[in-house]
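Both of the next two complexes hold chain A, though its partner changes from chain B to chain C.
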Partner chain A sequence: MKLDPASTHDPVANPANLANPASEDPPITNELPVPTPPHSLWGDARRTFFRNRMGVFGLVVAVLVLLIAITAPWIAPYGYAEQDWNAIRQGPSAAHWMGTDAVGRDLFSRVLMGIRTAVLMGFVVSLATVVIGVLAGSLGPLLGGRVDALVVWIMDGLLNFPAFWLAAFVAVITKPAVATLAQPMYEATGWAMFENTLVFDYLVVFLCLSLVWWAPLGRLVRGQVLTLREQEFILAQRAIGASPWWITTRHLAPNVLGQVIVQVSTGIGTLMLAESALSFLGIGIQPPGASLGNLIYTGMTSWRAEPHLVLMPGLTLSVIILAFVFIGDALSDALNPRVRDR
Partner chain B sequence: MSDSEAALLEVRDLCVEFATQRGTVRAIDGLSFDSVAGEITGIVGESGCGKSTTALAIMGLLPEQGRVTRGDLRLQGTNLLALSPPALRGLRGPAMSMVFQDALAALDPTMRVGRQLMEPLTLHLGLSRRAAHERAIELLGRVGIPSPQLRVDSYPHEFSGGMRQRAMIAIALACSPRLLIADEPTTALDVTIQRQILELLLELRDETGAGIVLITHDVGVVAETCDQVIVMYAGREVESGPAEAVLTQPAHPYTRGLLACSLDLAHDRDRPLDAIPGMPPDLLSLPDGCPYEPRCPDAGPACRQMPSMVKVSGLHQAACWRVTESDPAHG
Partner chain C sequence: MFRYIVRRLVLMVPMVLFITAFVFLLGQYGAPDLALERTLRLNNNVFDQEIYENLKLNMGLDGSPVERFVRFVGNAVQGDFGVSYSLPGNPDVGRLILGALPISLQLGLAALVIALAVGIPAGVLAAVYRNRPLDYAIVTVSTVLSSIPPFVLGPVALVLLVSTFQVLPSTGFGWHGLFSTETLLPASVLAAGPLLVVLRFTRSSVIDVLSQDYIRAARAKGLSTAALVRRHVVRNAMTPVLSALGVVAGFLLSGTIFIETVFGIRGFGHVTVTAFQSGDVNTVAAATLVSGLIAAIVNLLTDLLYGVLDPRVKVSA
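Coming up: the complex of A and B.
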């Protein structure tokens, strides 16, 4: 309900009321206009997000990518390692939409599986970094003293190296260890899983990225928690008898959540790129396993003759990463309380 | 202060010290007062005189660097200083609670007002979600927020300043505390809203019978609301007693100075505004004698010694050598 200036009793807005106080207007009551439905933080954020075209584009691509990742083995026209010796080094055609590679594998199917790998790594590693980062970032200030000092020391140590090269280093070191561990595991359990080198590839990439990638997030959360802790509403919470655990879960976490979401959504693209780069360098997912990175790498050997072998996975990777960057940007606008023009 | 009425809150010889990089600061030195149920006790003084520290010390919420070094704090006979942190948490809310100066900062920006009101109810009274929600609406209505059933789902930023302060008071009152500490509850509000909030406090005092400790720097607020008043300067109490006696016959020069600084628009329109010359002393290097001596218009040689609280009349006390000198009858 909107206030109509003509019907108000405010003499400033409507001098007629001042001139004739005993007019036939209905008597002044204490009833106030019904407040508009409350804007929730997330409702506001959703509206702002969907007003951002790039963000919506990113979201559409991301949902598509996610669907492809889940259904890749079923929608791919060929098996990702299936070789057809009658169709080697073919350009794009009706039978092979993105052509075939040097050993006759369908590139489209391999790109789909590469997307699956990228999404798996992007999401699983993101989840791991959120768990490690949020725990480290909030427990440090909460427990204080030596725990905090240790956490800061580890984070600073990690942040002092280029994350990607550190991850590559960890991958190179852990791979033989994982491999030597696998043989006795296979003998003990008899599970085929421990004989499949592709599983190690995934495990190692997952491990090295998770171990390195949480540091920026941990620092972000720690900084936020340190700032929030000094806010008066935390003191007010303590004044009504809230315990540290209550305050952390109900008041600190929701206040940090927005920033974490922004950081993670932007980071997913970077993580996918890191996985591809590791695979490109030959320390990530190895053929016949499909990763966009190793597809580009193997395609590079013959890019003059068959540019599509590089172009197709390269373009796919770029579009996916861009999509996540757009999502991150849109979210950071939507969830930043200081940017409010609504 | 009388012993005839059972005091709700007894503060005896309270000393609070802060460890700073430049040394130990004694923020409160030997503060004693009682707060009686159904009465409003005012604590007045300039910024930095220890008013808010007193509030935080009573609540057990002093920052890490602060420590109660001496004295006694008893709430309904319970020694607050001897309680374990969980036991003290159990008292905050149902036994004592606090209203902060800046309600916008004191409310969680990401949580609906209703849910913040429900928190103490579920935390201490174990109410179900539904019951707590009902009670939250009731409380919002009680503190004078119009259409509480609609407002309960609003966020703090959708409230006006006065409404936020009302919501803050509702949260503090949620578990019907016996003692309510209000730390400058009206300072961030404009004058008309100030009056409404003060009237609300008076109403609540009469209705709930809670003891209220009202911290303010505004003598006018004290005059309107308080039953008894404590004037603090540089961490020490300099004058205390029934509000009427202290405000009409101030015995300490500092109280007189404070009163002279307040304005009466009916008479003082053309008079330049008075101010107490000088600055409050640095708590790290207090003078040996009366802390007010460097600024005091009536200071004499006796003031190089620390005065103690002496009776002016009845319950009215002041810490000034002039009280005994000028009025030997009351000595």
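Coming up: the complex of A and C.
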């Protein structure tokens, strides 16, 4: 006798359930169930991730890049702006592993410092986008009304516009503004950093990327919060009297976290690329500051005679970007069970 | 349908205006005083209040930033974007962009054709040979190719194909028309990014279709895989691929700027980069407006095409 499952559990439709509610339990025996090792979300994710060879390759490269970024000023054989007029436009050699540029700067040291710049921007801007994105994505649904409408409108606007274009426009536009703002700051504090144009470059890149890049994260968090809020387990929590804080930290955050991690980790690579791209166009970090993008751009002026000036920073950047793409793919496989079979 | 298009177009306006206003107003803050520079240049480095005021009026630099923005938009609606004050000869910005845009559009079109012509067949192949060596090879190669940024792929291609192996002519700089050999390299490099998007969408869509019941039925009646894919799979799998076109257009729009810089093509991207590097606020604002409009129109077209090709998608006004 196979009835509609809803009606078998309904004591009104099926009075037998009223008399014996546990009628479907298995018979009690003396045997203990065989214990299975516990499977946590993170344990499963770690196993899936490390089974992915590309992901592991990406992770190794990323760790290496991070180490280089931290230690670059100490492991670089020469200063990144140090000029040697006796060694101009040299090819790769034992003294200069990647050769030298038109004013005798050691390319290897400059590439190392360029990696440092890219990593710095990648991580700092990621942090800023997480803060803005999570705040915008969760406060919108929480506060509702006009605030929500405004947040959604701004997010849609940013998402409809190719992010890099907008970042470039904002970078061009904010550059003089940052310089103008820094002048009174310098007079007030006397700190040398408010006079250093290289610091302005970093500030401009940081500002324009943070202002533009949070929108996808905001949309993700907002969507997750909106769907999760309507689910039964949140309703159940509310029914047993859980506080909003408990619900947010114990139930909403862990469910959103996985996808935020995936998006941020892929985002770091994209942000490093964006920094290089801005510098390539001459609106990010300018020489003598070292950025992989401006190294490629300066190298382009003599690609026929000295192809290594383009190829070395170019290939370095490509390997880093690829590593982060692989990490992102492996992470989304590991943390997103729905696409695991794709 | 008509009401839907009108509604979308109307909704588009405040968005583009908002972004342009953002760029324009930020640009006014701390921008170099062009009228002052010019006064000094005209008057042997002596400041003259009368010349300065007159120049301000002539160059449209009088009034508050908000007033200037309103005037800028008012003129822009009538097709007048003002003149560029940092380029020699002070060319008209509208004419500058209008002259450059067709080149970029042709380049983008060529890249789109390459991306579709390579991406769709490769995606179908990868899906049919899913989780087998051919699939892995296709996905890996295209991931690697499209992850390399265009401003690296371009120079690398130049060094390898032109310098080292001399497959392509070396005097291939600038724009030589849509069907010239010189277009092949920039268009292919531009196509590399969108290629992966097209390939991934095609692959997952074909995998979806292949698991449908009617495919099993077709197989059961004895169709060969090739005939099955040709007759039943490809057409049904294409609709989701269309939703990739919006992403692809975004790729192409930001890609042209690098390709044109690397290959010395004087298109829209080139105009924008020149404006970037000289801090030319008028041209930057105009370029923002134009690219915002392009992005919005492409989004609208994608949605419309989606509705036309898949009758299940209902556009609601």
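We adopt the following convention: the second predicted complex is superposed on the first by the 307 of 342 C-alpha atoms of A that agree within 3 Å, B and C clash if a C-alpha of one lies under 4 Å from a C-alpha of the other, contacts with A are read in each partner's own complex, and residues count from 1 in each chain.
The rule we apply is simple: a contact is a pair of C-beta atoms (placed from the backbone, for glycine too) under 8 Å apart; a residue touches a chain by one contact, two chains touch by 3 or more.
What you see is a predicted model, and the numbers here were worked out from it, not measured in a lab.
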| item | value |
| --- | --- |
| Chain A as common anchor, with chain B and chain C clashing or fitting | fit |
| Contacts of A:L107 with chain B and chain C, given as first, second, both or neither | neither |
| First, second, both or neither for A:P254, with chain B first and chain C second | first |
| Partner chain(s) touched by A:L317 [first = chain B, second = chain C, both, neither] | second |
| Chain B versus chain C as contact partner of A:V170, first or second or both or neither | second |
| Contacts of A:G241 with chain B and chain C, given as first, second, both or neither | first |
| Comparing the two partners chain B and chain C, which touches a greater set of residues in chain A | C |
| Partner chain(s) touched by A:I296 [first = chain B, second = chain C, both, neither] | second |
| Touched partner set for A:L139, first chain B, second chain C, both or neither | neither |
| Lowest C-alpha to C-alpha distance for chain C against chain B (Å) | 17 |
| Shared chain A surface residues [contacts with chain B and with chain C] | none |
| Residue numbers on chain C that touch chain A, as the complex places them | 15, 18-19, 22-23, 26-27, 29-32, 140, 143-144, 147-149, 151-152, 155-156, 158-159, 163, 204, 207, 250, 253-254, 257-258, 261-262, 272-273, 275-277, 279, 281, 284, 287-288, 291-292, 295-296, 299 |
| Residues of chain A that touch chain C when the two form their complex | 54, 153, 156-157, 160-162, 164-166, 168-181, 273, 276-277, 280-283, 293, 296-297, 299-300, 303-304, 307, 310-311, 314-315, 317-318, 321-322, 325, 329, 342 |
| Contact set on chain B toward chain A in their complex | 59, 61, 86, 89-94, 97-98, 100, 102, 105-112, 119-120, 123-124, 146-147, 150-151, 153-155, 158, 168, 171-172, 174-175 |
| Complex contacts: residues of chain A adjacent to chain B | 30, 32, 34-35, 38-41, 231-233, 235-243, 246, 250-251, 254-255, 337 |
